[in-house]
Each structure stands twice: as structure tokens, then as C-alpha cells.
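We call the chains A, B, C, D and E, going by the order they appear; numbering starts again at 1 in every chain.
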Amino acid sequence: MTDTPLSAPGAGVGRSGRVALWLRGAGGRIVPVLTVIAALIALWYVACIPMNAHQSVLLAERSGAEVTPAAASERRNMGGIALSLRNPGPALSAAFAQDRPVLPAPHQVAVELWDSTAGMRPTSKRSLIFHGWITLSATLAGFAVGTALGILLAVGIVHSRVMDMSVMPWAIVSQTIPIIAIAPMIIVVLYSVGVQGLLPKAVISAYLSFFPVVVGMVKGLRSPDAMQLDLLRTYGATGGQTFWKLRLPASLPYLFASLKIGVAASLIGAIVGELPTGAVRGLGARLLAGSYYGQTVQIWSALFAAAILAAVLVAIIAGIERMLLRRMGLAR
Amino acid sequence: MQATAQGRAPAGSVVEAKALNLTFHTNDGPVHALKDVNLAVERGEFVSFIGPSGCGKTTFLRCVAGLETPTGGSLSVNGLDPDAARRARAYGYVFQAAGLYPWRTIGGNIRLPLEIMGFSEEEKKRRVRDTLALVDLDGFENKYPWQLSGGMQQRASIARALSFDADLLLMDEPFGALDEIVRDRLNEELLSLWARTGKTMLFVTHSIPEAVYLSTKIVVMSPRPGRISDVIDSPLPKERPLDIRDSRDFIDIAHRVREGLRAGMEAA
Amino acid sequence: MQATAQGRAPAGSVVEAKALNLTFHTNDGPVHALKDVNLAVERGEFVSFIGPSGCGKTTFLRCVAGLETPTGGSLSVNGLDPDAARRARAYGYVFQAAGLYPWRTIGGNIRLPLEIMGFSEEEKKRRVRDTLALVDLDGFENKYPWQLSGGMQQRASIARALSFDADLLLMDEPFGALDEIVRDRLNEELLSLWARTGKTMLFVTHSIPEAVYLSTKIVVMSPRPGRISDVIDSPLPKERPLDIRDSRDFIDIAHRVREGLRAGMEAA
Amino acid sequence: QDEVTLQLKWVTQAQFAGYYVAEDQGFYDEESLDVTILPGGPDIAPPQVLAGGGADVMVDWMPSALSAREKGLPIVNIAQPFKTSGLMLTCWKDTGITGPEDFRGRTIGVWFFGNEYPFLSWMSQEGIPTDASDDGITVLKQGFNVDPLLQRQADCISTMTYNEYGQVLDAGVGEDELVNFKYEDQGVATLEDGLYVLEENLEDPAFVDKMERFVRASMKGWKWAEENPEDAAMIVLDNDETGAQTESHQIRMMQEIAKLTAGSNGALAEEDYRRTVDTLLAGGSDPVISKEPEGAWTHEITDAALN
Amino acid sequence: MTLVIFALVLWAAGFALNARLATGPAADTRSVQLAVPAIFGLTLIGMWELIVRGLDVPGVILPPPSAVAAAFAGELDVIWADFVQTFVKGALSGYLIGALAAFAFAILADRYDFLKRGLLPVGNFMAALPIVGTAPILVMWFGFDWESKSAVVVVMVFFPILVNTVAGLADTQAMQRDLMRTYGASYVQTLFKLRLPAAMPFIFNGLKISTTLALIGAIVAEFFGSPTLGMGFRISTSVGQLALDMVWAEIVAAALAGSAFYGIIAFIEKRVTFWHPSHRG
């Protein structure tokens, strides 16, 4: 990274200048992000040492090394930092390669992520692509339903005072209910009417994603100012014309902002929905099974897989947003 | 319907207000925005409304447009009541800010009223082309509003109001946001457009020179309650170069307008 | 420090620009906002800057205020470089919009610079009271900005710039958002305030009558690149009733300013 | 083929090997049954699924089933493949705990969600309060794994012989560092992993017939699993869709499970039932069930299926 | 079946009443604005009761509201103890710690642009880690009692508040900032006299979003280990015991607490940001 200021003479002139500008713009974001990530990873590695110290020392003892204190029971009462300080050698050497670490090292998670995605058939039950796909399909189904419901509600709220006054407060209350508490009940109720598999998860997913869409869309549909509305009145436009030609296009930027929140919420919903459905398949099931058998590396990789999936989904929506808004002339 | 939609005025005044009153009810009590307004505007006149902020200029224009309902008196537009005139699309309205829809191109913005009024595809194309030419914006049809300067945007918004060729044009401080130089040029252009098309203009402004330069009739208003304090007929010729503003006649009318404004302020 | 903080100018010009240049680097290439600007402002002068949008008026004022760094030439304020002058609190700055902080009362807004500059509690109280009286806003101390009309807000913002009693006032279109009537009144008041306090004024405006009415010196600027195209010394007397605007002298200067603006536009 | 849906108590693991074996080896097909096995999960209450009609038959522990029965959900035990309880408390030896009396003042991890009844009954029989008072026990709601013990957040945790205990050992703890209290040894064992159906369904002869065939095939599966623990574990592994189970863990679990199913041919032993009910009724001031249950089990199915 | 028809009639009646109130002359009065949602809610509850009874839904699947109300009233002391454990100890402490940490980081990120550009994207990514995955880990690290719930809440509320505060601190107009520069104001003076007050509407937006997250986070965390009290503990245990009336009573308590928390923050917001156009009324 050079430290030529962006405003150097000639910057941004001509095509190559523009490319350079873009590169520098990207660098202006990538370098700090990489720095922060590097700092976090370093911190993470350091944290591994005390977190895993008990196990490290135990392993050293098993392989015949001299450790202090010698009694396992005494060690258990010590903190991780104290233990690492008294056994620096074993604590350091074994901290990053344990089978069931309390805190897995970053590279362990990365390797597991790689092995369980690129390293095996996507149809394998151990493949995160397989589980990610299961979760993704429920997410997308729930997101579609939630978005449609949210938009419908928003249109109703904007056009009907009764809906506005009666539905909106309860929509807020609905979000104060802990989903994890009602998710199993939703699943059992749907079981009892013979619905299983994707749909129960999608319902929970939809429940979480409709709210941001309602809020954003109501804001968006109401965003045209009085003057823009009056303009259409001077043309004698009908309610339908006002909706299609003014309210809807004006609401799109708001809609997309909500969709980005909504899709992340959908993913959480799908994962929550997977916990009680017998934890059969999907990233949620991976999380749970990993946690049930104390396989921390697996938990962490499923966790990161979920976050990466969320990031990808949000990025896709942002891409669509940019494309659409640019085509509409709303993005510059 | 289509005949009146074109807004051709029957015999009689284009706009006629008699003892017009309007009171807004607000949380702080009633606001008497218009009191006892009497005014007749004939075909082809260019009438400016001037007065301090809050004197009811916008309110009066909105009443004419059927966007606000008077609480007393009578008001007719082309012989119809304002609401009927609105639905008959008797006028074009230009707001203070250009208020173009940012997701539509300049052409698309001008096409908007035509779409709503259900013109044929061919007719829409022709009218967009013609009105763009009228306001000197040919070639900008496919640009987005934010790609144009403020002055050009305002011209586009005038084109939008002209596109469906109503006989009456209501303009509420259309040039308020522009700088003096651009404003001067648009004033000149507006005047020539008016001369060419013979439309009836109701024009709100804050600027004394602008009002004097443009109008055949200047309505001076005063606030609390909003009412007409003076109506001045301009003796200036139809042909008005910008230089006319340094002429004795011009300065005299401007002086009279300023006096009228002062008097109105003191009385309030 | 406190002595210069009061901004008493030493001998010599209050503001002195020599061959001042400023180029902005934008994505669309460099913008030459100020080119070769030479200007000296003496103590007690009232200097107006007029010119079309984008000609660099604001940029020049910001350079004087030390908010922008020139890319060439020299500029001194009270004999200091602008940044030092800024830190020495040599001037009060009034922006186009009143820009009062909405979470502070009128009194609180005027107190703001006093708090920052560390005046004593007592002194703060006294100055807030005095400046409120100066701009005719006594009794409004505990109101919030949005409870006041635009003109009153603008007066409050002038009071805020006056409160710490700098000798130099920089005003960037302070009345741009107000209507003509209110503007007239504030112009009168500003003039009398200037006469009473003897401060040095740098005043940006778009309005020819305003510039002519207020100034002892009018700087006409033209754009692309922004430069001074004319400097007009006003022969008008210090005492100026509003009526002076109908006088021959006034009209002549206004005419010269308009010609200067036109010429600048055509040349660009 | 008749359709049967079985709701398990927990996720797919060798604890339920018999059913997966019966499916895999075609024992259900032989009985003309089309069996769907629904794995359970941390928040799935099998009786609720049964009540909602989402399953025909479920695997549950008897204390939970009897409690549900008393709450007005009439469920009936039709078979009992598990003879012995695998439940125990595992404590650090260095805490000095040698018997139940030493639990006073300790922190103990217990599974809830209907699995807490055996512990509560035992403690009330011992007269030890579980209200975190000074001479009582501080109870923790134990999560999914054995961390609370390993991290010393608890002095003792609940373990199953076939699952969590192995995990504790896997974590590097020596058996000599631990003390175990098997419910079976303490005389407070309650029946685990029985098969239950809704009482009203038993009035339908077609359903009864279906269950007879189901129990017969399932028991065949269990016996096969007991004899071939390694193959059974592999079958379970094939059915685990999470891909999280490991071979070694499942084989060991199957070997331990085999010890628990060994004494049962599938029919409920009345003395075991008696002991379970007595344990639950003995719950002092706050018993799990307050009165002798009636009709909570039947031999009708096993009699027909196994003879 | 008749009860189900009754339910539909009730729905129609409630809606008609609301329609009349909402479009009537008194629609803007405070009482009507409270009455309309109340009537809507009561209608829903009435329908729930009638449909559950009409269709004979087993109580272990969905109890009628009357049973829930009875459980609520009968077990008030239990619910109160759970509330104190989950809300006061877990959610509230985590909310406070998370908010303070977020403010501190936001001010740092605002001061050092490098940090802002690096921290925010990474923060957004971390915020996407599902809590159902992080909660068990945090319970493992911080133990079973309220400390781990508090930690989960900190993680949940940190990013919304951080992102909003950073956005708020940046939301001053150039002119407002320039004004401070003309006074030669120091960084700290600008921060306290301009940027923090200007950021308040954003900060409260983050604080409001976080209220519901805080409670939900604390409850969810209890599913992964807890002492023998707490709202999440009670909910999961009661499901296992088929005491669905108790489950719903706790859900009602959670919704009440969540709504009240939201309401209190919204009330403080109104007080603090009285000057913002959206509150001037």
C-alpha cells in the first residue's frame, strides 16, 4: 500500500487512472479488514493456550513428561493461565492440535471447513455443502414466504388505517416471543397435520424474516413526500396508479435494506428450526450433534459455515440491489 | 370528457374566486390561511402572486388545483368546481422543487402524466419529443434527473406539466431554488413560451423583479389572515428584454409592489 | 493568546490574498475552484462576494476561515496564517442555513462557542443576554430552534457568531433561504449592526440588490476557473434607507454588477 | 404394507440400534410394515408428538410416560426392550463423595425435559433437598455434553453407561479419578426406553395387530444387534444423517446397550414396573406421580407377538 | 364446530368495530389508538380460545388462553423468580455491558478510520454467527449461571449498537462540523457537544432493536444449560413435562417483559431526542 493520497494530481484521470482508483479504493477497504482479521486470529491463537492448557498438560503427562502440579485433581482447580505459566512447554506445544479442544485453533477450523466442503463428495453426510444446502433450501423457502407476507402486510398497513393501528403493535410484540421456545411447538403441530421436513423449518424462518420486511416496506411505501403524491393527484391518478408508479418504485431501496436483514434472520430461523426437528440434517443439526459429542472443531466449522452462508446471501441481495437500482437510475 | 380534459376554457374567466376563505385547524388552534379572496383571471393572462412567507400563496394555488378544499366562498376553474377540474385534468402544476422521480429518465418523467391519462403509445412518444424540444432539452430524454443541473431539472418539470397540453399552468415558486443567473435565463424562456402558447399562468414567487418582469397582473398578498392587499396591472409591453429591468416603468412597478408588501406587513 | 482571540487586527489588512489558487481533485478530474485571487480587505470594510453558482465564493470564504487549504499563493488573516487565525478564534462564521443544533435552545446555541472557548459562567450569561438583545431575540432564549421562524433562526445564528466578539465576520449567503421581505429587514438590521460595531464583514450573496445595498466593496466572481472578474467600490453613503434601492446611483452599480456577471459567464 | 411411525427419544445412535437393524435387515418388511423412524431432539417431547398424531408409537422413559399419563395423556407401555437402567451419577473422586449423603452441599448436573424424575425421586427418598440450600443440592440443568464435569462446574453429572460416561473417559479422565453411582445399584432404577402408544388406539384391532408385528420385528432387531454389535453400530452410522457420529463411539455404545437389553425379551417385567412406580411414588412432598397408575401397561401386544 | 363459527363471527365483529373506530372522528385520540390494537389482540385471544375448544385440540399441544391465564396467576411466584434470573440478572446486565462496550468501540472506530473500515465488515460477519451455535460455547466458557447468559446477550446486542452508533457519529452535517472547527474546538469538545447528541437517534435505534434481542438471547442461552430456574429453563422443562399452560404463561411473561423493555427505551428515546423531527409531533 503506497501512501500517495487519493487526491494526488492526475488520480482518476483516464481509464488506467480509474482502474488505479478502484484498486486503491478496494485496497482502502481490504487492507484494514485484513489487518483486523489478522489481529483477531493472533488473539485467537494466544487464547487457545490457556483455554486448552488442562488438556495439553494432561497429554504431556500421558506421554511421560514431567508436569507441575503432578496431581490431576490439583490441576483441575487451577486457572488456564496459571497452568500454562507453570508448564509453558507442554501448554504451547499441544495447544493447537487437540482432538477435542476447548477452543480449537483457527487452522483446525479452517482445515475442517476445507475438508468438509472441498474435501469430499457434496452428497456425503459429512459434507458441509450437503448440510448447507439443506439449511439453504429451508432458508430460501422461508425467506420467500416471509418476504411475500411482509410485503402484503405492509401494503395493507399503508392502505388501511385499521390494519396500521391494529396489526403494527402486535407485529412488534410477536418479535419479543423467543422463537426457540415456540419452534418445537410449531414443529409438533405441523407434525400432527402430517407436515414434515422442509416446511416446518421454513415456517420458523418466515416468522423471523417477515418483520424486518414489514417495517422497511411500510417505511418505503410511505417515503414519497406530500409533493410527489400531490403531483399524481393533479393528474387525477387512481390509487392503483399511485401504488405502481410512485409508492412501489420509491420503496425499493428500503425493501432491499430490509431484505438483507431478513435473509440473515431467515437463516437463523432455519437453523433454529433444525435443532428440534430431530437434528437430522442441516447446519443446525451439525451444530447440535457437534455439541452433543463435544466435537468443538465441528461446531466451530458449522458456525463459520453458517456465517459465510449468511454473508454470501447478503452479498447476493446486495448485488441484485445494485443491478436493479442502477438499471432504475436510483444508484449513481 | 376528453374535450374538457384538454381544458379549453368556455367563455368567462379561467379562474374565478369569490369571497374565498380557508381555515386550517391545527393543534395550536385555527389558522386563517385565506380570507375573503376575490380574484378573476382571464384567458391568456400571466398572474403573479407575491407576498411574505405564510400569506397563503401556495394555499390559494392548491385550492385552484383542487388539492385543498376552501371552507367558504366559491371558486371555479374553467367554469367547473376545482375538484371536477382536477379530475378533468384542466391544468398543469409545477412545484417549487423540480420533484422529478429519480427512478425515471427525463423522458420517463414527462411520460408519467401521459401514462396516467391513458394516451396512446404513439401520442406519448410524439408529445414527449415535442415538449422536450419546447423546453430546449432535446437529447436529454434518456438521462436521469440527477445527471442534469438544477436549471435543466426545473425545465424538465415544466415540460412535464406542459406535456398534456392543459390550458392553465399553475407554478408555485418554480425557480425558488435556482441561482440568479439561471433564474434570469429561465424567466426569459418562460416568457417566450407563454407568448408562443397563449396559456393562462398562475405564478407564485418571492422575488419582486421576477414578478414584475413576468406578469401582466401582480397580486400582492399579506399574512395573518392571508388576503389580497393589492392587484397591480402591468403596463409593460409584451416584448420584454432582460434590460427592461433597468427601465423607469419597471422600477416604478417594483416600488409599488414593495410598498404594497410593506403596508401588508405593518397592518398584520 | 486571549488578546488575539479577540481578533483585534494589527496594522495592515485584515484579510490579504495574494495569487491565491485552489484546485480540488475529484473523481471527474481536477476542479480549479480559485485561480489567481488577489484581494485586500481593510478594517471596517463590508465586502460582498457575488457570482454564479460554483464560482468559488464559498471556497474563498472557507480558505479565509482556515477550513480549506489553498494549493498556491498566500493568504493572511490578521497577519496570521488562516489556520492559526482559526485556532486564535479570529472570526465568526455564519453559514447559509442557520445550522443551529436542534437539541440546544436558542440560548444554548449561542452559549456553545462560549463553552468551547472557556468563558466564565457569569460572562457566558452576560454575553448570551447581550447578543440576544443585539439581534432582537430577547425572550426567546429558552425556545428550541424549530419553534422559531426561519428569519429568527438566522438571527440566532448571527448572534452565535457575534457572541464571542471577533472582529471579523464571515457570512456565506446567510439570508439565502429567506423570503424577500424578511431578507429586507435583516439586511437593514445587519447594516445597522455593522455601523454600530465597526466589524469587518465578508459577505457572500447571490442577490445583486443585496450586495449593492450592503457593501462598501463588491467583488464580482466568475466560474471555471473561479476568479475575481471585477471589484467595485460603492459610492453609496454609510446611511442607507431601504429606499436607496430606487436611486440612480444604486441602479447604476447594480447594472455594473450585472454586466460584470454576464461578462464573466460569457467568458467562461 | 402397513405404515408405522416411530418417534425416538433422542438423536440417531446405537441406543436405538434395534429399530434401525430391524429396518435394515428387512425384519419390518417381513411383517409387511413400512416403518418411519423419526429421530428425537433436545426440544422434542415424544408424548407431545404422540398426542398430536405425529407418531403411532414412541420410545420413552417410564417416569416421563407415567407423569404424562397423570397429566391426562393416556399412554400405555406395550413393550419393554430395556431390562436394566443405564443411568448413573458420575462424580470426581477427589471431592470425597462416597455415598448419597455426601451430595449435600454439592453441585450436580441433571438432565431435565422429563428426564429429571429418576433423580428427584432418588433424592427425595434419601431426604436430600434439591433447592440449593446449605445442606441440599445445587442442581444444574445439564446441557448436551459432559463439559460441566470436565470444567469442574459440577461435582457430579448425570451420565448414561453407554454414552456420556464414555465421553468422560475419552476426554482423558482416568476411571480411577471417578466414582459412579448407578441407579440400578442404589435400588432406584426406573425403566428406560420402553415402547408406548395412545390408549385409545388399542381399541382398534387393526392397530393392535400392527403393533404386534412391529414389536416382534423390533425385538428381532434387538436380539440381532446384541449378537452383532459392530454390524449394528455400522447400520446406525448409516442412518445418522448428521454425519457426526464416530464408529468407535457407536460400537462402544452398542456394546454397553447390549448389556441393558440382555435380560429382556420385550415383555414388561412386572417387578421392574413395581419398582419404578414405588420409586416415583416415594417422592416425599413432591412426588413425580401422586397415585398408583392404572392401565399404564399391557401385555396384550407382547403376549401375542412373542408367543 | 359451533364454537369455530363463533370464532369467525367474533373476528368479523372485532374487525368491524376497529374499522369504525379507526376511520371515525375520534381516530386520532389517544384512547382510540390504544383501543384498536387492544381490541385486535382480544379478538385474537378470543378466537384462540374458541377454536381450541371447538376443535378439541389436546391441552398438551395447545392450551386455551384461559388455562394459560390460570397458570400465570397460579404460578406468579415461580414466574417472578424466573424473570429475575433471566431478565434482571442475565439480559439486563448483558445489555448494559454490551451497550457500553459498543459505545467504547464505536468511539474508537470513529476516531480511527482504519479501525472503522476494518472492524465494521468483520463485525458484520461475526454478527451473522448464529447464537444457537455460540450459546453452547459461551455456556461452556462462562458456566451455568447468569454470567453465561449475560455473555450471550453481550455478543447479541454488541453489533447492532456498534453499527448504529458508528453511523450516528458520522451523521453530522459538514456544516455542523465546520462550525466546531471555526471555534477551534478540540476533538473531545466536538464529540460531546456535537457528535454524541447528533448520534442519539441512531444510538437509540440500536438500543431499541437490542431490547428484544437481549431477552431472546438470555432465554435461548438457558436452553443450553442453566440453574434450575429462569424463563428458558422453565419453558424447556415444562415442555418436557407437558405443562404447556406453564410454557405459554412464560412466553406471555417474556412478551410482556420484552414489550415493556422496548417501551421504556422508546420512552427514554422520546425524552432524549425530543428535538428530532420524528418526535416533534
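In this text, a residue touches a chain if its C-beta (ideal position, glycine included) is under 8 Å from a C-beta of that chain, and two chains touch if they have at least 3 such contacts.
Each chain and its UniProt protein: A, E = NitT/TauT family transport system permease protein; B, C = NitT/TauT family transport system ATP-binding protein.
Since the model is a prediction, treat every value here as computed from it, not as a measurement.
If you take chain D and chain E together, the chains in touch with both are A. The set of chains touching chain B and also touching chain D is given as A.
Centre-to-centre separation between chain A and chain B, using Cα means, comes to 53 Å.
Per-chain Cα centroids separate chain B from chain C by 34 Å.
Between the Cα centres of chain A and chain E there is a gap of 19 Å. The multi-chain contact residues of chain D, meaning those touching 2 or more other chains, are 42-43, 45, 48, 52, 143-144, 147. Annotation for chain A: residues touching 2 or more other chains are 180, 184, 188-189, 192, 275, 291. With touch defined as above, chain C holds no residue shared between interfaces to two or more other chains. Contact residues of chain B toward chain C in the complex are 52-53, 179-182, 206-208, 246, 251, 255, 261, 265.
For chain E in complex with chain D, the residues that touch the partner chain are 58-61, 136, 139-140, 143-144, 222-228, 233, 236-237, 239-243. Residue ranges of chain A in contact with chain B, taken from their complex: 227-228, 230-237, 241, 245-246, 249-250, 252, 328-330, 332. The residues of chain A lying in touch with chain E in their complex are 28-29, 31-37, 40, 102, 161-162, 164-170, 172-173, 175-182, 184-185, 188-189, 192, 264, 267-268, 271-272, 275, 284, 287, 291, 296, 299, 302-304, 306-307, 310-311, 314.
Residue ranges of chain D in contact with chain A, taken from their complex: 8, 11-12, 38-45, 48-49, 52-55, 92, 94, 143-147, 152, 167, 170-172, 174, 177, 240-246, 249.
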